[in-house]
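Look at the two complexes coming up: subunit A is in both, with subunit B in one and subunit C in the other.
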Partner chain A sequence: MEKFAKAFPSSPLQAKTAKPWALAGVVGSGNLEVLLEVGGRPSDRMECHVETSIPGYKASWLAALADFAHNYPAGGTKVTINDQGAPPVLVNLRLRQAYDHLIKSNK
Partner chain B sequence: MTRGPLFHEQTARQRIAALVDPGSFDELLPPPDRITSPYLGQLGIPVSFDDGVVIGRAKIGGKKIYLAAQVGQFVGGAVGEIHGAKLTGLFKAAARDRLPCVVVIESGGVRLHEGSAGEIAIAETMRAIFECRARKVPTIAVIGTDIGAYGGMGILSTCCDFRVMSEHGRLGISGPIVIEKWMGKKAYDSSNRALVWKTSGGKTKYLLGDADALVHDTADAVRDAIAKLLGKSSAVTLKSVKTRQKELARRLKRFGETADPDAVWKGMGVRDIARASLASGPEFAAIARRGK
Partner chain C sequence: MSEKGHMTNTNSALRRQNKAQRLGRLGKLARGKFVSPDKVPQVLKRIIESGDILCLEGDNQKQADFLANNLATLDKKDLHDIHLVMSCITLPAHIQLFKKGMIRQVDFCYAGPQGTAVADLVKAKKFPVGAIHTYNELYARYYIDLTPRVALIAAAQADRKGNLFLAANTEETPAIVEPTAFSDGIVFAQVNEIVDKLPRIDIPADQVDLVVEAPYPMHLQALFTRDPAAITDVQVLMAMVALRGIYEKYEVQSLNHGVGFNTAAIELLLPTYGERLGLKGKICKYWMVNPLPTMIPAIESGWVESVFAVGGEVGMERYTAARSDVFFTGRDGSFHSNRAMGQLAGHYAIDMFIGASLQIDINGNSSTVSKNRITGFGGAPNMGCQPTGRRHPTKAWLKAGTEANPGPGSPPGRKLVVQMVETFQAGRVPTFVEQLDATDPSIRKALHGVAPVMIYGDDVTHIVTEEGIANLAACRSIAERQAAIRAVAGYTPVGLKRKKRETENLRARGIVQLPEDVGVRPAEASRSLLAAQDIKGLVRWSKGLYDPPPQFVDW
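This part shows the complex of A and B:
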């Protein structure tokens, strides 16, 4: 197991959300779950907490998260991840799904 | 015949969203509460925010219910301490509020990493189910995925008033691989999917009366079956238990020695095995009924 946390610069979340959180994915082999919550501080940072069963890939994780924080206005959100060996492309997909659910708040 | 997502391919949260009235689901102990397993982390296994079961209040056809759905992808939907406590609490709340309780099962039973805690949790949940039944509160188990209901969850499902199954669902106590390990591959070949589904699958369970409804593999079909059962309950009395015991003894006498699952289908009134094998849900039920 490896655990780490870091906040990334990101422009503030634009839309008002109906629900304070969104979840995407499940903890299964080669998969992960992403919990995205609003109300994090400061409003120009995306706060990330990662717990993964596969140690040694911190650099890839930080790159994937920084990339997402750069591309989406996710400032003021808190991302918590439980991972069971998901590839980086899936990490990005789940982040986008969670973000989508949060913004649309229909799930 | 069927369109849209298949029930057995959906995740627990997608199943809930598809089963209940839109927007009516109110999750209890949602992911932000982070009530996770205290054991898995120590073993180097990642935890999940809902510990593999989503529980809450909802409405089906305007009727209030309590609802749980297990997450099969997370350690096989297995029941750990937190997971089990959530199920126990849900059935207790159902008994207290006299509201029907539905559990969508997708589990191999107790989570071995949390052995005793999981076993106790399942026993406590069964007790809570019998509390519901004593108060005539309907309890319904839905078994519609390949993981099915095995071990403690298999037993738990049979404690409920009713079981709704699809042909994908499987119901049993020891899983196929466990049976093969103990009895040998000649006695039971767990890689023979036809054999496995013909002995523990939804169709066979429906024929034998262990499942009360056999439905298509869609959330709509499952919801319709649940809606029909919401107002009903069956009391557990000494008489009903004795009647059931006699039924089971008769079944053992009739089929206990046979090694051919088709003989069980024929014995239960299915004349055209090939046609019945291809039929799904209600069509299969109709063929079986005509045979009788």
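This part shows the complex of A and C:
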């Protein structure tokens, strides 16, 4: 078990989102859950909280989150990740899915 | 007649005499062409001579396993200094021949299931390898400097004259039999059964010297069956990205798919996602691929015009026979394959090859070899390369060629050679590495200085990962290519070395594309998009004509 938090610079999120929060994935073996919330935090930061069952990969997590914050306007959001040993390739997909759900309505 | 011609006739007469002597030694061990199973070891001792080039039929699917097992009962005192030529070292019996010290040299292509055993033999210096080949490269050498004196082959049926029926698994039999039979070599076939009348003749009796009805049917590996239930959301994302960023962009009409789950996901997205994108009839019409069960939904939805195959697939016999409008079939109605011709087709006549690999280095070279597992290649390098002998244009070929900005001395078109990999393998092992394990000095030494690279970086046009697409063909320098590879290498050590500014520059020029850049919504990347969720779903699509092998049946 490992727990850490960090905020990354990110362009402000669009003013109007489809919903106040969005969830992607589930907490289960080999999977992870990403919760993305709109909040009153600094609008040029993406605030991240990670809890993972597999310690020792903090550098990769931080790099992935930094890239995401850089590639997508996600300033002013709070990201909470509960990881149960998901393969590393799944992390970015779940982040993108949560973000997609947050900003776009699902028709 | 010229002196040279005269010499040749003399040599040929000697070789013919030698063949007659070998067969003459059999005496009562054979009745005409037919040998009883218990006599096989004695027959092998008499027809094979020490020092021979011996071909054992066995690829990644079918095996002349009865003959191989019998050969492995012999010893160094019976046969030694054999030059073994075979496409796949697959069976424990093959490994025995090396352990017993009977082999002087081996030339082969692939050692999938025995990869670990081969690596051990290399370490123990008991694996005197000439080279690891691609399939057609080895078959070609059967006609040049590796012509077999004896070939031990496998067929489904023989008739009383020794004609052979190869059923769905013709595979490489003709490529072995022809050079052997037409050079006074001996062709010895194991068959599952001897019958009065064959459904069709695949190999004429004229080219067959000996036949044994094996006490058990030849081993057939279900190599291309991928259970849709094991496809992940990440693989669905990559499939969507490939469909939009490559298939749709280049209008890929003719293609080969590798055997992995990544391409299986693409096959299963055609009738759903592909249909929604309006791509039916525009892409994926002509295939050089084995009868993959995961192709069934696309075929049933009318996407596919034709499929030619290098081999069969266990359980697809009734389905392929029923869809003879799509698959190549004999007059008897049953499936036909041909490995050499399929490889040739995959080399020259397709717009795109797309497959996976275990390791890719920063220059785009790929390999499945590691220090502890020497697998070799097989078909991928033949299809995953630029056929510079190609002259006919297609839309995809020209478009890819224009993008690659050919010089005054290069072809105007380019085959799309796509590597589709997740950045990590199972167990958090990175796919992307600075240097391939295949370049390890001990492996290079065993292979006379040649690192077993499966596909060279220069031949690759695109790499697709869960991070996006890197268009290597559009890169204008080696440094740029390396930056593009790092950009899609995710959070592997190779990926972590990328520089933000370089990646942004490449993305601005369309050389690196994220899923969103090709119009893919990650939120949609879900298994629920697959046309079939499991093997049972495939059986349903086939209207009950697909008979999955027992290991895939859980109902």
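Simple rule for what comes next: the second predicted complex is superposed on the first by the 101 of 107 C-alpha atoms of A that agree within 3 Å, B and C clash if a C-alpha of one lies under 4 Å from a C-alpha of the other, contacts with A are read in each partner's own complex, and residues count from 1 in each chain.
Throughout what follows, a residue touches a chain if its C-beta (ideal position, glycine included) is under 8 Å from a C-beta of that chain, and two chains touch if they have at least 3 such contacts.
Note that this is a predicted model, so its numbers are computed, not measured.
Because the two structures share subunit A, they can be overlaid on it, and in that overlay subunit B and subunit C fit beside each other without clashing. By the touch criterion stated above, A:W21 is placed in contact with subunit B alone, subunit C being left untouched.
Rounded to the nearest 10, the angle made at the CA centre of subunit A by the CA centres of subunit B and subunit C in the overlaid structures is 80 degrees. When the two complexes are overlaid on their common chain A, residue A:A63 makes contact with subunit C while staying clear of subunit B. Of the two partner chains placed by superposition, only subunit C is touched by A:K104; subunit B is not. By the touch criterion defined above, A:L90 reaches subunit C but does not reach subunit B. Once the two complexes are overlaid on the shared chain, A:N71 sits against subunit C while remaining clear of subunit B. Applying the stated contact rule after C-alpha superposition, one finds that A:E33 touches subunit B and leaves subunit C untouched. After superposing the two complexes on chain A, the closest approach between C-alpha atoms of subunit B and subunit C comes to 5 Å. No residue of subunit A contacts both subunit B in one complex and subunit C in the other. By the touch criterion stated above, subunit B contacts subunit A in their complex at residues 11-13, 17, 30-32, 34, 41, 44-49, 71, 73-74. On the side of subunit A, the complex with subunit B involves touching residues 1, 20-21, 23, 26-28, 31, 33, 35, 37, 51-53, 80, 82-84, 107. Listed in rising order, the residues of subunit A touching subunit C in the complex are 24, 59-60, 63-64, 70-71, 87-93, 96-97, 99-101, 104, 106. By the touch rule above, subunit C contacts subunit A in their complex via residues 232-234, 237, 422-424, 426, 428, 465-467, 490-491, 496, 500, 514-516, 521-523, 525.
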